[in-house]
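Next come two complexes built around subunit A: one with subunit B, the other with subunit C.
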Partner chain A sequence: MSFSIKKQGDIVVVDVEGQLIVGNRQELKQKVLDELEKGEKKFLIDFSQTGYIDSSGLGVLVSLSKKIREQGGELRLANLNDDLKTLFELTKLDTLFQIADTRERALESF
Partner chain B sequence: MTDIRSRGEDAAPLGELRIALEVSIPSDVRYIERVVEIVRSQCMAVLFAPRHCALNVPVALSEALSNAILYGNGEDPGKHVRVRAQVDDEQLVLEVADEGTGFDLEEETNDPTQLENIEREDGRGLFLMQQLMDRVERFDDHGNVIRLTLKRGA
Partner chain C sequence: MKELDVVLTAFREATGCEAAVWLEGPNGRLVATASSNAGASPPPFPPAHTEPPRRVITARGEMLVTAISGPRAAWLAIGPCGAGGAAELDAYRRFLLPVVTQYLQSALEVEHAAAELAERYEEINLLYTISEILGRAVTLEETAVTILEEVSGTVGARRASILVHDRVTDTLNVVAALGVVAAEAPPIAVDDPNSVSARVFREQHLRIVEEGEMLCDAERPYRKGAMMSVPIMWTSPTGGSEPLGVVNLSGRHGDQPFTAGDQKLMAAIATQIGTAIQNARLVRSSLNQQKLLQEMQLAHDLQMKLLPRADVVAPEATVSARVIPAESVGGDFYNLFRLGEGRTGVMIGDVSSHGYRAALIMALTMSATAIHAQRTSDPAQTLDALLHSVRDELESTEMFVSVFYGVVDPAAERLRYSNTGHPHAFVIGANGSCERLPALDPPLGMVPDAPAAQERPWASGEDLLLLFTDGISDARGRDGERLGEQAVLETVLKHRAEEPSEIVEHVFEILRQHMGDTPRRDDLTLVVLRS
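Then we have the complex of A and B:
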């Protein structure tokens, strides 16, 4: 499991490869916060290569969303498969995040 | 993985297949993913629904393990978490035991979907276990045990 970060225009794109769980959530948090500190404002987290997410993983996404908003930035999520969508629906986090079906749509939505 | 049903008339009847396993890990969250993978592969072996193997089992077990490691054992490297899994054609029963004193399942379960909780970083673990499993029980047996039951279903 790992996270890769790249810039696409002025958008920071993070790919979550594998699981987003209690064992690696801090790594994702720190990587995004580092970019936020550098002055980046637009963030897209892509889950096309993600297995499952646990409650700590969801918690980190909530926390990042708040921190990015506090800095005047925006966070989008993309490519949740049906199982991950169910997880967001069960927790009603689908109402908190802006979720796009594809990476392209998410990039266009900024 | 070989599909047991695809082997034709010579295939062993699934109803007779029972898997039981026990895993013990130190109180370290880095072990969670490996244990989940072991249990998930057993569910796949008895042809549980793909959604159960990809979502219900991994997330609920991951929650039970992190609770046991972080809260039950306080990440004490000298304490262990024991996982028992029994799978057959009807259901999966998981027991996750730690060395802690236990907790009140009902009292500790919040509703994270309430407006005042939606932006909280924590408080979704027990709720998710209950949403994703058919039954969640807690009892004491020389330590604190959480038992998760998932019916095979469709």
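Then we have the complex of A and C:
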């Protein structure tokens, strides 16, 4: 379970490996907020290597989305697997995020 | 020495000569340890060990006095004798001396063994006494001074102290001392280079230091002369060994050195004290844990009491509901309301966290809903009012609540519902149909907008409203696989004609089979309603 952060142009790309759950959500939050603090505006969280997100994990995504928006930035999500896509649809969270099928499309959408 | 008396008396009867064995007493005087004549007088001028036997003429007759070889100063005196006996004194000496020497030697060995046994007995008695003292008390502080008194009495040390390691401050603190008030003795840092106690603690090895080696002021109050410092060790059942403190002894009577026996004894006592310290710590932590468990149980009971009984909506609706929190308290809940005119309000919710914070939000949501649900039968208005009540709390804690709230009106055969982010809400028809009631909005707390509501037909007395939280569909089995929503739906469909309470039982049965003894990661909540 870890988060890797790299820059692609002016976009901060975060890979979530494993799970995003109550135990590690703060780590993700802190990493993204640190980048936001440095003045970064464009964020992409890639879930291609993510198996599971619990409700606390969803909470942190919503909270990050708000904070990035407040700073005039943008957040995109990409590569949600079928289970996660269903979860976002069933909870109407898909209405709160800009979600792309692939990383490339997400990068192009900024 | 009774046996030797008998030998010497028999000797007199055979030879006509008196005989006595004399020992040098503590004041240099001779004392008869055995004699053929109870009233015999000590021989004057007994020869030294290196000197030959000496003939002594007394008023009663001639005597032959011989030093007996051995560790103690002792003499054999033969005579005076009856008529003609004096001539045989030398012959008698040659006969009697080996017998007496051998006897005396054996007697001395027995005496020595007895003395050693007495000493061992004292030590064993001390160990026994200490284990008894420790066994009676829960904390070391209660008993430490008594232990020190016993130890110093046996070892003959006037100063003694027990220092116990404080893991937070990494210092050795005096818990008991003889000759100084423990509370006034300053703590010693474990890394203090001048302290004997600290060094013994670090090296976990007994040390005896002479008076000149005293360099640490903190140790001065309980040191006098040479000091023996012994580490208090605790050996865990797994074999690991850990230092817990130090016992110090000093101020021996007559400045006698500490012997190997003292060292062994102290090591044994230190082990006992170590076990006592460890036991006391375990007792303390077990008491704390017990208290915590009791508090958690209380919180659990309180939370369960917030949930309504399923029959509060009877007879308009038949409901069965069950919540099993993952921890002692959880964030799942359900609520039931009688709304008049045969209508029933049913709610299921999941706070996006676990434990006490989630439980607080849950309690707040429960009580706010109870107020708002009675004011309107429109689910959207109820949830909007609820959102206003809990919004600040949700924002400050970064939590949110997924809620499904439905109002069943059997007379009008309508179900009106709002769903803010709750994924698992279904209407199961008597014919085996299964329709999901999808979320109309994201969970409460994520967006500021007022929730929406939707309406659909309701077959009174036939349709089932099935609500459950993701703790059930996401429940992991032994191999980590999820139970899945489909398994729950299939079970409910199979038993749809049965009573809600039976259906709930069936679902929890497949959960039990799926999970086995795998620990629960999330709260489990299930509500089934027919109306």
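What we mean here is this: the second predicted complex is superposed on the first by the 110 of 110 C-alpha atoms of A that agree within 3 Å, B and C clash if a C-alpha of one lies under 4 Å from a C-alpha of the other, contacts with A are read in each partner's own complex, and residues count from 1 in each chain.
What we mean here is this: a contact is a pair of C-beta atoms (placed from the backbone, for glycine too) under 8 Å apart; a residue touches a chain by one contact, two chains touch by 3 or more.
Please read all numbers here as calculations on a predicted model, not as lab measurements.
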**Request:** Applying the touch criterion given at the start, work out whether A:S56 contacts subunit B, subunit C, both or neither, answering first, second, both or neither.
**Result:** both
**Message:** Is A:K92 touching anything from subunit B or subunit C once the two structures are fitted on A? First, second, both or neither.
**Reply:** both
**Request:** Check the contacts made with subunit A and report whether subunit B or subunit C touches more of its residues.
**Result:** B
**Request:** Report for A:G23: first if it touches subunit B alone, second if subunit C alone, otherwise both or neither.
**Result:** first
**Complete:** Both subunit B and subunit C touch subunit A at residues 22, 54-56, 58-60, 62-63, 87, 90-93, 95-96
**Prompt:** Which subunit A residues qualify as touching subunit C in the complex?
**Reply:** 22, 54-56, 58-60, 62-63, 87, 89-93, 95-96
**Asked** Which bits of subunit B are touching subunit A when the two form their complex?
**Response** 29-30, 32-33, 51, 54-55, 58-59, 62-63, 66, 70, 112-113, 118-125, 127-128, 131-132
**In the complex with subunit B, residue positions of subunit A that touch it** = 1, 19, 21-23, 51-56, 58-60, 62-63, 66, 82-84, 86-87, 90-93, 95-96
**Item:** Interfacial residue positions of subunit C with respect to subunit A in the complex
**Value:** 350, 352-354, 398-400, 402, 420-424, 438-443, 446-447, 470, 522
